[in-house]
Amino acid sequence: MIVVRSLVKRFGLKAVLRGLDFSVEPGEFVALLGPNGAGKTTFLRILASLTRPSLGEVKIAGYQLPQQAAEVRRLLGVVSHLPLLYNDLTAEENLRFYARMYSLPDETQRIGEVLELVGLAERRRDLVRTFSRGMQQRLAIGRAVLHDPEVMLFDEPHTGLDQDACEMLDTVLREVAARQRTVVMTSHDLARVGDLASRFDVLSRGQIVASIQRSQIDPDQILAFYRRAVEK
Amino acid sequence: MIVVRSLVKRFGLKAVLRGLDFSVEPGEFVALLGPNGAGKTTFLRILASLTRPSLGEVKIAGYQLPQQAAEVRRLLGVVSHLPLLYNDLTAEENLRFYARMYSLPDETQRIGEVLELVGLAERRRDLVRTFSRGMQQRLAIGRAVLHDPEVMLFDEPHTGLDQDACEMLDTVLREVAARQRTVVMTSHDLARVGDLASRFDVLSRGQIVASIQRSQIDPDQILAFYRRAVEK
Amino acid sequence: MTPKPRLLAVLDTVCIVLFLIAVGLVFFYAPLERSMGQVQRVFYFHVATAWVGMLGFMVAAGVGVVYLRTNHSLWDIVGLAAIEISLVFFFVAIVTGSIWARPAWNTWWTWDTRLTTAAIVELIYAAYWMLRQGIEDAEKRARFGAVYAILACISVPITFASIRLLRTIHPVVVGGGDPNAEGGFSMTPAMRVTFFYSLIVFSILFVDMLWHRIRLGQLAEKVEQLKLKLSA
Amino acid sequence: MKTSPPPINLLRRTFQATVAIIWKDLAAEMRSREMLSAMLVFSLLVILIFNFALELDIKARQTVTSGILWATFAFAGTLGLNRSMAIEKDRGCMDGLLLAPVDRSAIYFGKAIGNLVFMLVVEAIVLPVYSVLYNINLFHPGLLAVILLGSLGYVVVGTLLSAMAVQTRTRDVLLPILLFPVVLPVLISAVKASQGFLLAAEWTEIAPWFNLLLVYDVIFTAAAFMIFDYVVEE
Amino acid sequence: MKTSPPPINLLRRTFQATVAIIWKDLAAEMRSREMLSAMLVFSLLVILIFNFALELDIKARQTVTSGILWATFAFAGTLGLNRSMAIEKDRGCMDGLLLAPVDRSAIYFGKAIGNLVFMLVVEAIVLPVYSVLYNINLFHPGLLAVILLGSLGYVVVGTLLSAMAVQTRTRDVLLPILLFPVVLPVLISAVKASQGFLLAAEWTEIAPWFNLLLVYDVIFTAAAFMIFDYVVEE
């Protein structure tokens, strides 16, 4: 589904990604781990076609990035560090807008479902500007899954969510994984990803320095695995 | 150290805090739990004298807020949802600026210490705008502890931090607690606070609905305790 | 709900009667001015509305100081009420001036210092209104409103003084100007009576409307509080 | 894997997306009305300031009216453009637009048409006020046509450049600097053509400027449309 | 619990904090130079636009020079004021300042002095450029004094109002709307006084305006200083 070969990304002089290789099969759920500043966000933004790579090849669903970005976008659902929401529209209007951008059929019904899913049905008519951090994050997740994308790129989606919302998100992720959607998710919460992902990759020093299937590792060992990979 | 009586905070029509009572002894480490939108951030901002209460009494170290805010500020160290850092200054310059605002003696030495502590000594001369989310959060924590405050108000300080940084923060918090500093910290990560705090308070429906000492509860039981308090 | 106070009801009636008398005086008692004819009769209301406008702006500034001192929402209501009413009155003054200017100076508008300063004052208070629109938090809205009202009032005396200090084509009648100015004239005793009578009537009218507007503000506040109780 | 959708479908979807973007901008503005009122008050202020700065006497006024009008529109316009793009950038919404599977031209046209609407509304209010203040009759069909064309040219370039400006660190200040020099030809021909109509000049005198304006509009629209893709991507 | 520090100490600390804030603003600006260059380019643009809009001929120019100069400074000034406050607000830095145990007046004076420095630097560059472009000698000590005083009055009110404007939803657009009408008396007296000096008028003719300017500076500084506390707190 995703194939990345010798990807390089530089900011000015500094190379953040240095010949990174990465590939994901359809239906895989990859947890992308790595220390602060490793380049996880940068990498996800490149996959989302929001940032251009400096060098290297990126293919999603057989389409080349950034040339064929237009074809790829339909398949992507993205949660980033920012909520991507309009302050002056209500929760519902935000979703309606994105539904139109993705030309969803029966948008009203789908919006209702999603609001229910992320637990904001009661606040649907409130302006986003009045939402707390966690509520905005919930809505951002709702926006990302609105069009039921085939590939999900989630950058620390658990940020700011409370217990219920985390469980909601985990349920969403499990259900999505069960339907053979592809997920790439960054996180610093190893306990949480241990339950969710089917593969763990560690991004460090600009490359994927380690990768392991869930079947090959004990959940308690993930921290040790991560440490070994980072310190190598 | 902190005494809050029947605190009310309204935003327009909506009352977010509704007659909240709260008090903290010197040296206590309170974990403030609560669902998204419960009002934790609002409450911490009131304690930090950044937001005015609509009604009610707030006292910190014997000083009345908001009237005697000036006296209180020296005692406070705050980590908020935003990093409170200048994009166009380097890590070091940011700390130097705040050191001057707090008129610290030998600032250079203290800045070096703090940068070492948060693991940014190597990046000290880089502009904050080029930092990743986690690196900014580290520096924000450094800024908050720079003047060794007596009362620390930390709003989800673990956000975006990687494993090492989380451990760094936990070490800082433990060391601070050992020196009898007072800490109020919000978090959604119950496992993490279970190890740190000496008391757990749950904020929900605008009030502190439950409060328990660590000595009275088993760490595994915190989640259950939280759920019971929220659903009551 | 508090019933309409008796005194206010009486005041309403008195206002209507006084106002009708004023109209009568203007049209039947005051003599026809020789050179300008009927249109000069607009003079009485022109000056009276302008006077009330300026009075209200000054009142709002005074009340603003009181608000900042006491932080009591009543003073915010009074300040807003005064400015809203004055904004309308002052606009009427500009419009009546324009009506007068058409025959007197053969143009609806000219960039005379008096007219310009008057336009500026109107714009300042339009800005005041926009400032309030842009702030959600009621307390902050009140505080910023008070601050701006204080700064804004500095421009009001300029408007008043402009025709007395500078050479303008706008006539000065009270306090001895040059009766030979274009559109200028000197008042006969009957005119004088009508003039001062109008001033007094409009002042009373202002008090009456202010009272109404304050009551409206208080009722709105009460409605908010009731809604608050319902939602709590 | 998937086949790309047939072109007719693509066109319809681009159109729908354009409408969705316009709808969103108008809906947000209708809620707060902040942008419109700000542009309006600002326009009046600019007129006032010009007046003070220049102490226009009646004769001078006749010839500079169109200059002042266009300077006013230009300044008020940047205000609107800036805010309209800032809304997209503030919370990453621009990324949201870019992630949507719609042609970039939909984003561009959506934003540009929205901006044009705001600008025209402001002009529709400023014009009568101006004509009262300066005692000049401004309701001449030719003049209105010039204003429409001039605003179009302004907005077409402005939308493109504001998309660039908000991506820089200096977004608060960069837009006018980028925009004014580029759009100056449009403004100048608009000023000249307006002046012609106001002074009731012969059509032969006005025509060159009017046509120039038209040409600029076409060139700028085409250019902006083609360049926009490169501007929005990071 | 703790006794408050003695007043002399407090004064020194307020002074130190003021210096720290100025240092920070200058350091950040020295690094990027974005604000200064933006203000500068914008000033030149405004002059250009005036020139085009008004087709100034030599005679007209003599009398409107001071008006154009001050309009330029005013527009460029808002740019700087807006940005200087946006820096504080964007990543919550204003909260950082407010949390510091310093008197609010330190924050106000720190920001105001920083803004004044930027404004004066811009003026120091625009003036010679203007005098070359229009072939007018602008280096008259009286004029320079007026510029200093006028800028002071402008910045003093502008800093206060920009602190308010950034806290509203319409921050991108509100500042000029709030600021221009209020500060207009300062601008007008500055224009008149400058004009007097430029046309080499008698001191008796200039004096009233010059004094008015002084009076406004004093009034506004006092008012802003007293009110600022209320503006920065949430």
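Order as written gives the chain letters A, B, C, D and E; numbering starts at 1 within each chain.
The rule is short, and it goes like this: a contact is a pair of C-beta atoms (placed from the backbone, for glycine too) under 8 Å apart; a residue touches a chain by one contact, two chains touch by 3 or more.
Please read all numbers here as calculations on a predicted model, not as lab measurements.
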Intersection of contact partners for subunit C and subunit E: B, D
Contact distance in steps, from subunit A to subunit D: 1
Centroid comparison with subunit B (C-alpha atoms), farthest chain: C
Separation of mean Cα positions, subunit D and subunit C [Å, integer]: 37
Separation of mean Cα positions, subunit D and subunit B [Å, integer]: 46
Rounded Å distance, subunit D centre to subunit E centre (Cα mean): 29
Subunit A-subunit E separation of Cα centroids, rounded to whole Å: 46
Residue numbers of subunit B (touch at least two other chains): 11, 14, 52, 81, 87
Per-residue overlap in subunit E, given as positions that touch at least 2 other chains: 32, 169-170, 174, 177, 181, 184, 233-234
Sites on subunit C at which at least two other chains make contact: 120, 123, 127, 130, 133-134, 136-137
Touching residues (chain side subunit B, partner subunit E) in the complex: 45, 48-52, 61-63, 66, 70-71, 73-74, 76, 78, 80-89, 93, 97-98, 100-103, 127, 143
Touching residues on subunit C, where the partner in the complex is subunit E: 68, 120-121, 123-124, 127, 130-131, 133-137, 140, 143-144, 146-148, 150-152, 154-155, 158
Subunit B partner contacts - residues on subunit E that touch it in the complex: 1-2, 4, 13, 16-17, 19-21, 23-24, 27-29, 31-32, 87, 90-93, 95-103, 233-234
Parts of subunit D lying in touch with subunit E, wherever the complex brings them together: 32, 34-35, 38-39, 41-42, 45, 48-50, 52-55, 60, 63-64, 67-68, 70-71, 74-75, 79, 82-83, 86, 169-170, 172-174, 176-177, 180-181, 184, 187-188, 191
Subunit E residues within the subunit C interface of the complex: 157, 160-161, 164, 167-170, 174, 177-178, 181-182, 184-185, 219-220, 223-224, 227, 230-231, 233-234
